[in-house]
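In the two complexes that follow, subunit A is the common piece, with subunit B as its partner first and subunit C second.
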Partner chain A sequence: MRGVWLSRLRLEENWPVLTFVALLLLDVALKGRFSRFDLQTLCANALPLALISFGQFFVVLTGGIDLSLGPISSVAGSCAALLLARDMTTGFAVALLAGAAAGLGNGLLVVRFALPPIVVTLGSMSVWQGVALLILPNPGGEVPPELSDFLSSDYGVPTSLAALALAWLAASWVTSTRFGLHLRAIGDDETAARMSGVAVPRVKTAAYVLAGATAAAGGVTLAIATSSGSPTVGDDYILLSVATVVLGGVSLGGGVGNALGVVMGALIVTIIGSLLYFAHLSSFYQSIINGVILLAVVASPSVRNWIGLQFRRLRHAG
Partner chain B sequence: MLALHNLSKRYGVTEAVKSVSLTARPGSVLGLVGENGAGKSSLIKMIAGVEQPTAGHVALDGGALTLRDTNDALRHGIASVFQELTLLRSLSVQDNLLLTDGPRHAWRSLNRRQGRSVAVEVLRRYELTMAPDAPVRALPLGAQQMLEVVRAVERRPKVLLLDEATSALGAHEVEWMVRLVERLRQHGVIMLFISHRWDQIVRFSTRVAIMRNGELVGEADTRTLSEADAIQLMTGESFEASFPRRPPAGDEIVLRARDLHSSALRGVSFDLRRGEVLGLGGLIGQGQGALLEALFGAHPLQSGTIEMAGRTLRLANPAMAIRAGLAYVPQDRKTEGLLLDKSIRVNMTLAILRRLAGIVGFIDREQEQTLVAAAIERLHIEARSPQDRVQTLSGGNQQKVLLEKWLQTRPVALLLNDVTRGVDIGTKRQIYNAIAACAAQGAAVILYSTDTLELVGLARRVLVFKEGRVNQSLAGEAITSQEIVRASLVRGGADARRVA
Partner chain C sequence: MPAEAKTVRLRRALLPAPLSRFALPRGMSILIAFAAFSVVLIGVGEALSPGYASAANMLQLLKLSSFLGIVSIGQTLVILAGGIDLSVAWVLTGAAFAFTTVTRGQNSGILTGLLAALAVGAGVGAVNGVGVAKLRISPIVMTLATNSIMQGGTLVVTSGSPLGVPDLVRATATGSVGPLPTMTLIWAALTAVVVIAVAMTSGGRKLLAVGENPRASFLSGIDNDAVTIFAYTLSGVAAALAGVLFAGFSNTSFLGMGDQFVLPSIAAVVLGGASIRGGRGGYGGTALGVILITLLSTDLLMGNISPGLRNIIFGLALIGAVLSHKLLLRGESE
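And now, the complex of A and B:
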């Protein structure tokens, strides 16, 4: 009987959602409460990570990886912190365009010169780290308080939750278009995709541009949330964004994954952080626990297959 | 009308195609036959836009075409299907169909339900029974080829090129293809197709063009040309010479399989004797491939035993199987058997490095070199040097390298999974000789083939599979094409439960 409800939960697909729900229950049980405010905080903390990870998601779908998204978000955040107070439209536009331009650079290098994405973005990661420090040598700048207030406000639904939901909808829309199908096709088999009529160079470049712009949106959100810019704030997200998409069930081999998984990945990482904070454990543990959970998730399909096979064998023998 | 005017292709010093001129009317189906290296594929690739001619040109409906790539050819109404599939293997059937059949607008969401109805409609129109949600990699090769053909046809081409694109089709699937070809003919589509299977040439084409050494050596009505005549034109040799003499089987049982069960097998039992070539037949995907993979430790068994030399084997992975003396040549050499980026030498000795290694583990290069040079000569592998990357070889030569890799291990039992698929008659003959030589030296061979003639020519016994069981076991004089086809269709054959 146990096998029946286990298979009904469809662990294979719903793994990220179930992990998140389990962690959320643990969180509620430990703290003994789950207020509107907790929900708002959780979403606000998860939002920048989710955005940067969506950027990572588009690139990983094509079978690539982008290590420069963290620093790109630093650059965008720094631009925003310098410009938003003067003129909001300019601030947002410059930040997002900077991200898109940085992504275009990655895309052109990967596509035109057929360089491995990991090498290209390792290089540009360093470049954008430097550029961020040139723009904003010290943390600071200014973000209009009304923006920060808006992000932490609650009009029946917490703004941060609405923003997260919106980001999810936007990302699912992108993956459901012909462009999204082409992203997955390239990730699965680039040659076959080209032979099937996919404009591989254009689609791949677009993936990096989109990733840069999305990561920039994440950087701007970070600046708004903290009311200031920091040239190194994105560094934490360089590998965290990769871990997040993997936690969300996206295959680093390319071609497999969905937007809901990425949101769940971001929420999982965030909730672990909040649990550790609650337990008064050092944030060093966050790194260890994130790593262990990541390995567990990556290993789980093969472990489950193995257990399933042993189970079937036993039943057959019996 | 499709016209080729003095089409030529030169690679370095070799002239692959020498000034071929040919015309095909709307509604005609032209079968292109010839040995490997005869220039068929090069010819097709120039029409498909994959290769550019060094001289001459392709004209469609009177206008000369300059084709930069396959997408360019598609815009001119020329669709092509090659043996190397262009399906996205981890995407679903539905997504694969949408890739070519989906909406033209890049940013309009492909509503899931809508996408599904498009896919279901396409599958229904082509009488395909596969589930839209199934990932392509889970489909048997024959079904994958059908899907690939459908994708090409869905582009509504004026010219359809099929280069070994129907090589894995089973009997039922060939019937399906015949109906499709007939339908396309009525719509005035011009079809050119390459196949090494004469039965398909006969069923599909109205005319046959025969190539040898880059030249067109003959063109005839399909009905007036016999296979024997065609082979004579292709090679200058006769058909009977294709198969080597079958070596006599020994009495010693080298492998005993009992009641094998798995997701694809439903109780398979048989004995394999020393020096025997045991054929596996039947429709595609009836468990033959799964059996070979199970014996090689690559397909998990739920129950049953495999014994070799009196000991029950535990075959949890290929390494264990190799140690027990089994060798497996897979169907898909590109993804399962060869390191395409590495040299012939590396590929050939990969499985026997332990034997070549000295005391401290350094590889004996001299011994390795002699060994590889001898193999290249013995199997007539066409390459400039043992250092050539396998990728640069033709399909037939790649197959020979793969076969040799395993022959080098001097296996007790050699498992062959449709190894001559898409290989020309000359190479086939060399592979047949290698198989016979291997058996003559005492190895047992299990040969699965979708080409029944091959089973007739090589095997002493044929186990005909149906739905994961041995439906019937044929031996000696009973092994004929008709008998194999009959045995693969009859319900619950007499041998279904017996040890074969």
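And now, the complex of A and C:
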């Protein structure tokens, strides 16, 4: 019985989910409770990271990488903090359009001039860091309290959980469309994709635009969650978004990964922070543990095979 | 590639016909571009603050450049081998803390301290190399992870309070020999060694071969893994050395002291004309790139330009540089 159950878990595909569940159980064991409030906090903290990482996910699927998504989210958050209080529609529209425009810039440079994504987005990272500082030189601005209240509210289901689920559904929908298939095809083998009729330049550019807009949504969420904007808030997400998608089982080589994994990656990073807090460990350990888990995950086609082998042995023995 | 054809067409459209057909050798065009840009940047600096173009000030700027220059040695070697090293930030900081913790500000501890710092650098670099070469982990992820671990490790071990530096190291990092800053001399010597090693030794050719086409280099009998591990180890050592000297320059080791070097070191390599995909370039170009970055950032500082605008100009300059490489050099550049 036990063996059958273990093999149903399909370790190979589901380990981001399983890692998260294991960490969640540890979290519950440490706290001795898991209330509605805990769930709400976890999701609210994971939401901006998940959104920015979805942006990274779209680009990484094509085999690229985007180092400018963090600063793009700073720009969007700064716009939101300046405009939302005056007029909500304008605030959201300007923030998201700014993100999409920033992504378009990256996309054009990468596609039109065949420049390496890491170099292009290294440059645009600096540009958008600068733009954020020009828009909002110091942390501040204002977000209507009803938006912040809405994000931390609970209508039967915590809003933040609903938002996270919605983001996941949207991202899985995008990756299940023809466009999503083309993203994967390009990441898998660009030449083959072109030969089989994929409009590589258009799809690739669209991936960067979508990434910019999604990261901008993450930046707006950050502004709402903290009730203010900050021009440097996104800098932490530059490399963290890359780490998150990798934790979620997305291959930096392109073509591999799914939206659920990305959500799990974001939840894993977030719950580690909460675990350390409740285990009374200094937050100094957070970066060590992030690094070790990241390594464990990527070193693990071989490590996972080994675990799978142990489980199979166990099954035969039991 | 259609995109490739497009850049060729653009190049023809942008350049007068004789020039576009008369493509200069790669090294030559980089030198000409460097000369043109540095004249402009020095001119701007002189206009903003008279005396900027003086020989004495140029030597000071070379001293300022030397720390980024030493970090970029490692970054160049790793990028030439087809990788990238994001861990230089906290290897530099961690090594600087190892040094200051061991020496406790005493000159007598310098040798042990230096060994400890370089051991930290070599250790992390070797781990990076093994992860990339043997475990086939993507270089970005591998060095990101070790950077994260070094960051936490440095915080946990030292609890992060700044520590003093032995006088001798401070004197080395800030002083001069005659009119020449000591750091400028150290950097010049290292530059000569690395340029020669990459361009003229068999090790350098192996490095380029692995970066250019790992399969071909493997088939021609090169131990790819050993070359890769060696490149990452040297990168760790270079970052550690820069950390010790930069701590001397700042008179203290402090948290986050390495963060300012990561992306500029990559930018310097790219500005220097090396391909980010590996296999092409050398340290000479990178050293020129480091100097351009220092000139640009001191110009921006003196022009009293807001930090926001400074970032924008820096980013646009980087994109402009790779774009013009693409458009002006022959199609072989990437």
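The definition used in the following text is that the second predicted complex is superposed on the first by the 295 of 318 C-alpha atoms of A that agree within 3 Å, B and C clash if a C-alpha of one lies under 4 Å from a C-alpha of the other, contacts with A are read in each partner's own complex, and residues count from 1 in each chain.
The rule is short, and it goes like this: a residue touches a chain if its C-beta (ideal position, glycine included) is under 8 Å from a C-beta of that chain, and two chains touch if they have at least 3 such contacts.
Only a predicted model underlies this, so the values are computations on that prediction, with no experimental measurement involved.
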| item | value |
| --- | --- |
| Subunit B versus subunit C as contact partner of A:Ala193, first or second or both or neither | first |
| Partner with the higher number of touched subunit A residues, subunit C or subunit B | C |
| Touched partner set for A:Ser176, first subunit B, second subunit C, both or neither | first |
| Touched partner set for A:Ala185, first subunit B, second subunit C, both or neither | first |
| Partner chain(s) touched by A:Gly255 [first = subunit B, second = subunit C, both, neither] | first |
| Partner chain in contact with A:Ser35 - subunit B first, subunit C second, else both or neither | neither |
| Partner chain(s) touched by A:Asn138 [first = subunit B, second = subunit C, both, neither] | neither |
| Common interface residues of subunit A - those touching subunit B in one complex and subunit C in the other | none |
| Of all residues in subunit A, those that touch subunit B in their complex | 173, 176-182, 184-185, 188-189, 191-193, 195-198, 255-256, 309, 312-313, 316-317 |
| Subunit A-touching residues of subunit C, taken from the complex the two chains share | 1-4, 6-7, 84, 86, 131, 135, 137-138, 140-142, 144-149, 151-153, 155-156, 263, 266-267, 270, 276-277, 306-316, 318-319, 322-323, 326-327, 334 |
| Footprint of subunit A on subunit B - complex, ascending | 70-71, 74, 85-91, 95-96, 98-100, 102-112, 151, 261, 300, 302-303 |
| List of subunit A residues in touch with subunit C within their complex | 65, 109, 111-116, 118-120, 122-134, 137, 201, 231, 239, 242-243, 246, 252-253, 282, 284-292, 294-295, 298-299, 302 |
